[in-house]
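There's a structure below that I have some questions on.
We call the chains A, B, C, D and E, going by the order they appear; numbering starts again at 1 in every chain.
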């Protein structure tokens, strides 16, 4: 019996350069499932993608195609939060389809009415914001200027960060929203110079990069900080690396544990960048869905959400990235399993969120390098 | 004094740079409108395409080991402009000329140019993917930080090499264009044709030639504008499409068909955008101590919040049009 | 030798032909005047000569050269010049620039010609810097003629040059036309001020339904009672 | 005043930039007359018409129409009050057929209101038939029958002029302003037209205010004739009187052309 | 002409059938529904441009107004807001607004009191400024309060069809104001002014978080007809419920479209349409022939905008999310222009064909591009060059290319549109 899962992501639009590696992450999981015996009774697991364009409305049509034309069992995606919500509400909820987003981080997803169908393999920005605040305060940074892209992601993230930072005793000297996709942000930057520490919460392919470059050129700032949307090496094209050496960033990640190491090896083997933003999370999402389908015993949508919860959370025998054969075996035997992903433990709470790990990155020698977990 | 320098950096330089890009783009839009009577929507993507041409040339030059004192992007610009002009002629021949021959209305040409814009966008992404490129990957971008402590400022005056070049180029283009349009036979023929194509034809003006010249000018200026923009920011497939609306606004505010109008409009829109969101508190700060207690400076004294930045450009546009319905320089209309 | 010769020209605007076989022949010394009812094809005949519409039959020979369906930018340098009936000035350009455009195909110094035009129409000299769009109907007509004369044509074609002119200027325009003709420029014009025009025409053509009805000298046509009644208003 | 003035222009002035097109001009048109307006090119005749018909607002001065001050009133309101004009440069509706050009003229067509179109279609179509019949009559009279269904943009220059004139026959206007209708119209047809104008004046009581350069026509139709030069009225009287005024002859008529 | 139109519609029908066969009936139903909403909007533009010659490039703004309207009317009531001081404060802001409006109005009419020239201008500007300050002084705290206490004002919980109507009304009201200000402008100047206004509307809807939740999006917006979930709850199967629910919605939209279509066809065929064409052709002459050009253009502008508002509302109802940031000139305003021009401006059948046809092309362009790429990739692999990398991204990005080609080809062979405006004698009625 065969099964198809969908991938919904912004192949065009503001994160178009982040999307392909994320998709490859998901594909990697699917390849491994197929290489290790396939799904159910030897069927092939397929993955098919649609372009949600990081936009709620475009995503509605894309999700509709995946769900009602391609008939996918479940979906990895969307990436941007608006994309996930748009796709889910218009096609996911009516179609009773599980969405596992590897990247939608906005807090608004937590409260979405979803019939227990929406999950994510990355922690909410409610966490990332707090962690970022703690990290900055820990480094002795006492005042920041924040600029965020004016969407659910940026606004939610900024909100969490600012609250936490102020509660922790820091000063937010300026907090300015900006619109995506402009050629020039010098004016916005002019309103941010009240602090020398600039926090940019935006997408690397779009405003994030331009703002960073123009900030560097203006010479008004000394420290640069970015959120998950900024962590892509595309960010640094056209910026003299030495000027942003030491830029700090955060994103969801996993501690350097066994699972992460395993994934890194797998990715290297497949010729993928193991550090690509949200690629591990996408891998996890796809792998989890495969496990859930296996657990559910059929390529039906019915019951998948419970199955997903079961395979993802403790108790159970630990399954690590790539261990499909073992997992399949255990499921067949009726043993409970607990997937420990490349991006963390992945124990879903009631809202389908995970309590994840936020890692710190820094630019060293012209590219992002992991510094370690923020605790 | 720091405040003044800050103002200069934030408003004068930024506005001039933005204004120059808008102006260079808007000249092409306005000339095409004048001669061919339609709003050329693909102009933004012609700019991007031109920038990619320059980029390929620059990379090629780099690969050949050619080292240049100023950024290679500038050195290759003339060649890139020639290629862009040829491409523009090709686009006209392929997509607009057949429609003109069949006597299509301006709006049809406008929609055709939307078609062209979509095709260019698709092709650019096909060949260059969606990533960002920079002219300054291999060579550093020179940033001049002029120490202004002499006038008592703690901030440097910051201006980059591409910005200087861009402003210089704009001046050169403006002057050259002025002489071309008012002195040369061909320039006058262009104006005549913009005015009354049938009569121009009757006067023995080779209208085909005028159309070709228009595309050459528009194409090469688009290339220059795109390349300059890419040098100033970065190169990506949606580089100029995003500034298409302000460019059109500039052309319209200036008066369609009026080259000088386009320049004025470009700078008007550019400065409006930067001024509207400029935070006056930063300039007024030295007055902090003089001001009475009750008149405390708020944190943000910008005319509008930054999210309404583009809105300001359009409000100016609408108001200008209400006062002068065909733009500052009394433009043409179909 | 005829400066222009039309042989059984057939043509139109894409639909049914408007000209159904027009014959015409003008010497360099001639003033030819075409008259006829509205919609007869008079303007169309001039446009056909000037390559502004598709000629599907017959031939047009100018100064010994076949110019059937030739484009205007080839005809003007040959010495053909045309003043259309409507929209015949560049409204946004100054009067002077309008005249310059008339001399577009000339490479030599045309200031003499321009002086001559200003001399003929003193109003234009006064308004030389003003956009032609701001002139009164009659003034525009003068600009249009001036523009056409600037190319030093061998044959000047005029579509109702006197329309909208005050009597005094009608007279002046006609005098100018006669003078221009004396200097060796053939004239072919359409006129509704038919009596006045035929009075000095050496060739007259009455066109109706895209065909020649009567041909003769101006005086002959005026004298013909049939022509007078049907076409010249009694 | 003993005379019944339907149009009374009082001291109007209109400047375009630096040029005074009309300068402190006063003139009037008697009800039931056919008043001519002549003058050299650029005298300001058309500009004056534009001000009377509401297409241009005067800089100063007043326009009185039928006893009411209508200065600056938009053209469509003047039309409703019974004024109709033609244009020197034909203003046809080029993408509509000749017939439609005429059919759109009558005011107050019920079918021009969406409410009637949707909810009272009968009254609309009733009127439509009448309008059409009338338009067909006018078309025939103008000898435009063969181009009835041709787009007006494709008509010859003179045919457009005829259409322009035809509009005035579509409605019962109190006053009709004709701006050089004769220019470009075949003389034989023009004779018929002149006859018709006279008839409309006599039988239907139309008042005509006519700009014309064709002196035969003016002479035949108009009394009185007003002469304008450089933006203001310089003379008024019957044609014979005007013709004999040496100043006007010099400025306006010129001497006949010598035959080559 | 009739033959050709019929052929084109049959072709379109076949295209839809083919899409249905390849991509499934539920998918096709949904796209057909959206296409119908776009058709409504295209008809609105056809009225404005095709009949009225008004170069409206602010379609997106009116669609957004419709989207906002239906969200506001049909989204469930937010008790947190109504239980707080919010309504109070909003009421005050509303009063302040009314007061401000009165001030401005008064200043503009001050000529009656003999205040003229420079003083009049100065007074007007002062009135505008005072009104702005007064309004801001009330709305800013209200907005901040609502955002922090209740999130946003929520909806009214009424039936979505009421929301569509309100979308039309709201669009009409704004169109009235815009028209009053801008309709004096000619062609391209009007175009850019309306683009400007739609950008302003977008900025407002996107940033008035207290009213619209701005970029945080509102969902799910309710449907006017039963949802698939409802049918499922009644025990229908998955596919059946989906078909039933979408079919129901589609029927409703088609009904609206049909009514609108008949109404405007009627109007256009008669004297009203003739008058509008006359105004479009030559407004100076039309005015001299007694047509109140300004009023008529305003009428037509509002009429068209109402349809845009309703269409925008239907689209939001259907996708169930109101996301102000997903509105882009390129796929709202320009796409609709493409529909009307390719279809045939001035001809309602043309606009209908163009809207549905272009929308379907747009929808299938991605799978189509992907299929082409896969073929090429297959060939290149076979030829030893290797497969095309990143097929998914590239094909997603190529969809714009496909649309571009379709536009160019269509215009090349039918410059006046597939079913052009009929100019010539109209049937005797």
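The definition used in the following text is that contacts are C-beta pairs under 8 Å (C-beta built on N, C-alpha and C of every residue); 3 or more make two chains touch, one makes a residue touch a chain.
Remember, predicted model here, so these are calculated numbers, not experimental data.
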Count of contact steps on the shortest path from subunit B to subunit D: 2
B-C against C-D, pair bridged by the larger set of C-beta contacts: C-D
Chain separated most widely from subunit E, comparing mean CA positions: C
Centre-to-centre distance between subunit E and subunit B (centres being mean Cα positions), rounded to whole Å: 30
Where subunit A and subunit B are represented by their mean Cα positions, the distance between them in whole Å: 37
Whole-Å gap separating subunit D and subunit E, where each centre is the average of the chain's CA atoms: 44
Chain centre separation in whole Å, for subunit E relative to subunit C (CA means): 53
Residues within subunit E bordering two or more other chains: 206-207, 390, 393, 397, 399
Where subunit B touches two or more other chains, by residue: 129-130, 305, 307, 310
Junction residues of subunit A, two or more chains touched: 12, 16, 150
All touching chain pairs, where touch follows the definition stated at the start: A-B, A-E, B-C, B-E, C-D, D-E
Interfacial residue positions of subunit B with respect to subunit E in the complex: 33, 39, 41, 95, 98-99, 102-105, 107-108, 110-112, 114-123, 125-126, 129-130, 245, 248-249, 252, 256, 305, 307-308, 310-311, 313-315, 317-318, 321-322, 325-327, 331, 333-334
Subunit D residues touching subunit C - in the complex, by the definition given at the top: 16-17, 19, 38-43, 46, 88-89, 143, 147, 154-159, 161-162, 180, 183-191, 213, 215, 251-260
Complex contacts: residues of subunit B adjacent to subunit C: 185, 188-189, 191-192, 194-196, 198-207, 332
Of all residues in subunit E, those that touch subunit D in their complex: 263, 266-267, 270-272, 274-275, 277-278, 280-282, 284-294, 299, 303, 423-426, 428-429
In the complex with subunit E, residue positions of subunit A that touch it: 11-12, 16, 19-20, 23, 49-51, 53, 55-58, 60-61, 64-65, 68-69, 71, 82, 85-86, 89-90, 93-96, 108, 113, 150-152, 154-156, 180, 301
